[in-house]
Amino acid sequence: MIDLIINIILLTFLAITAIAIIRTTNLFATIMLFGIFSLLSATLFVVMDALDVAFTEAAVGAGISTILMLTTLALTKNHNEKRSHAHRPWLPLAVVTITGMALVYGTLDIPGFGDPAAPANTHVAQYYINNALPETGVPNIVTAVLASYRGFDTLGEVAVIFTAGVAVLLLLGGKPSSPNSNPRTNKKREEDET
Amino acid sequence: MKRNPILRIVAKFLIPLIILFALYVQFHGDFGPGGGFQAGVIFSAALILYALVFGLEAAEKIIPPHILRLLASAGVVLYASVGVVSLFLGANYLDYSVLGSTQIKGQHLGILLVELGVGMTVTAVMLIIFFAFAGRGRP
Amino acid sequence: MDFIISHYNYWIVIFLMMVGLYTVISRGNLIKKIIGLNIFQVSVFFLYISMGTVKDGAAPIITEGVKLYSNPLPHVLILTAIVVGVATTALGLALVVRIKESYGTIEEDEIHEMDHSL
């Protein structure tokens, strides 16, 4: 019961933080709020028994991604977002409300939170829980499934991370090309002018 | 931040502990929460802290960028080659049971190697990304 | 009342998802858009983890004397998704940095104006 109460309180906090994130115009404050959002989600993952996920979210969401966003902010030197009048809130709000209502209608059939008889918890999950220790000798079922039963899947994920690293290196690895120092753009500009 | 003594001393005290914790998470992931993904991120967080406090050049002296690139690809290759070895030993791709004398031993060895590969790639990629962003701001 | 409590998780998930979507649609700043995408992403993580939670279940690490465990499968999927998510976020931020370098702004409408004037 106490789990459920903590769960509900934290979820409410999360919703409030999300609203604060969209209402803030100062980007530094937004990024800090996003760090808080990640830390709150890590806490919530602990409440929902997902220790490995909480661990990752605390290290990645509150640590690395906040630092990366701050570095981007330092590079773009743009600390306040502009709210121009071209963005009228009514159309996006309508789209979001209608989509949200459709999704809420979809949840009415979902088995309740924590239902042990839900279809998601009865098929392959029971196999993993019963057989992970005898078959692999690893008590942490998450590690056993991650590395052994679904090893091929994880290989794909590692390849995706590697590809993202290569792509960032391609985009940012070289010398920054400022418009005045790059001879090619200068030449092109001179041609344009003549 | 290089001249701030409190930051320097606290960082010097914390960084070895963070690295130790990352290694614990990496190799104890079979028994408690943890594994290659978390360990990689924590390990890179220790080096990012070093770079933030002591400067980017000092951090690049510890791990030069070309070694990072090598490490990132070596992790993926290690992962994939474990699968190839099990193919040669007569099992399916990434079936670790044949790697050891018994099924349990083989699975243990396979999971350890695979997690090591994941840890290497994640550490290296996170650092590559951070160095790429931070290096962009250099005059 | 029971129905509301047992579905509260899913409704907050939908709310967060819609907050993320709204930010992506209505805000012109590219960094803000990426934060919106991240909120959307976290809401999907919550959807998976909520579905895998079992009432009074323990964390899925086998211990003697524990009979009921939470579903480990969503944990595995989301664990990798988080790390992949930060890698792709970094890619998006790298694109933002390059856009800033070539356009001098990261506001969507200013970029549109520049492109039309060409």
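Think of it as A, B and C in the order they're written, each chain with its own count starting at 1.
As a working rule, contacts are C-beta pairs under 8 Å (C-beta built on N, C-alpha and C of every residue); 3 or more make two chains touch, one makes a residue touch a chain.
Because the structure is a prediction, the values reported are computed rather than measured.
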* If you average the Cα atoms of each chain, whose average lands nearest the overall Cα average? -> A
* Considering only mean CA positions as chain centres, point out the chain farthest from chain B. => C
* Structure fact -> Busiest interface, judged by C-beta pairs in contact, is A-C
* To do: For chain B and chain C, let me know how many angstrom lie between their CA-based centres, rounded off.
  => 24
* **Centre-of-Cα separation between chain B and chain A, whole angstrom** => 21
* Asked: In angstrom, rounded to a whole number, how far apart do the mean CA points of chain A and chain C lie?
  -> 4
* Structure fact -> So chain C residues touching two or more other chains come to 59, 61, 79-80, 82-83, 86-87, 90, 93-94, 97
* If you look at chain B, which of its residues touch at least two other chains? -> 31-33, 35, 37, 41, 122, 125-126, 129, 132-133, 136
* To do: List, in ascending order, every residue of chain A touching at least 2 other chains.
  => 51-52, 56, 60, 64, 68, 71-72, 75, 139-140, 142, 146, 154, 161, 164-165, 168, 171-172, 176
* Spell out the part of chain C that touches chain A in their complex, as residue ranges. => 2-3, 5-12, 14-23, 25-29, 31-32, 34-36, 38-39, 42, 45-46, 49-63, 68-76, 78-80, 82-91, 93-98, 100-101, 105-107, 109
* Note which residues of chain B are touching chain A in the complex, please. => 25, 29-35, 37-38, 41-42, 44-45, 48, 69, 72-73, 75-76, 79-80, 83, 93-94, 96, 103-105, 107-108, 110-111, 114-115, 117-118, 121-122, 124-126, 128-130, 132-137
* List of chain A residues in touch with chain C within their complex -> 4, 7-8, 11-12, 14-15, 18-19, 21-22, 27, 30-31, 34, 37-38, 41, 44-45, 48-53, 56-57, 60-61, 64-65, 68-69, 71-73, 75-76, 78, 81-82, 84, 86-87, 89, 92-93, 95-97, 99-100, 103-104, 107-108, 110, 112-116, 118, 120-121, 124-125, 128-129, 132-133, 139-142, 145-146, 150, 153-154, 157, 160-161, 164-165, 167-168, 171-172, 176-178
* chain B-touching residues of chain A, taken from the complex the two chains share -> 51-52, 55-56, 59-60, 63-64, 67-68, 71-72, 74-75, 135-140, 142-144, 146-148, 151-152, 154-155, 158-159, 161-162, 164-165, 168-169, 171-173, 176
* Within their complex, state which residues of chain C touch chain B. => 59, 61, 79-80, 82-83, 86-87, 90, 93-94, 97
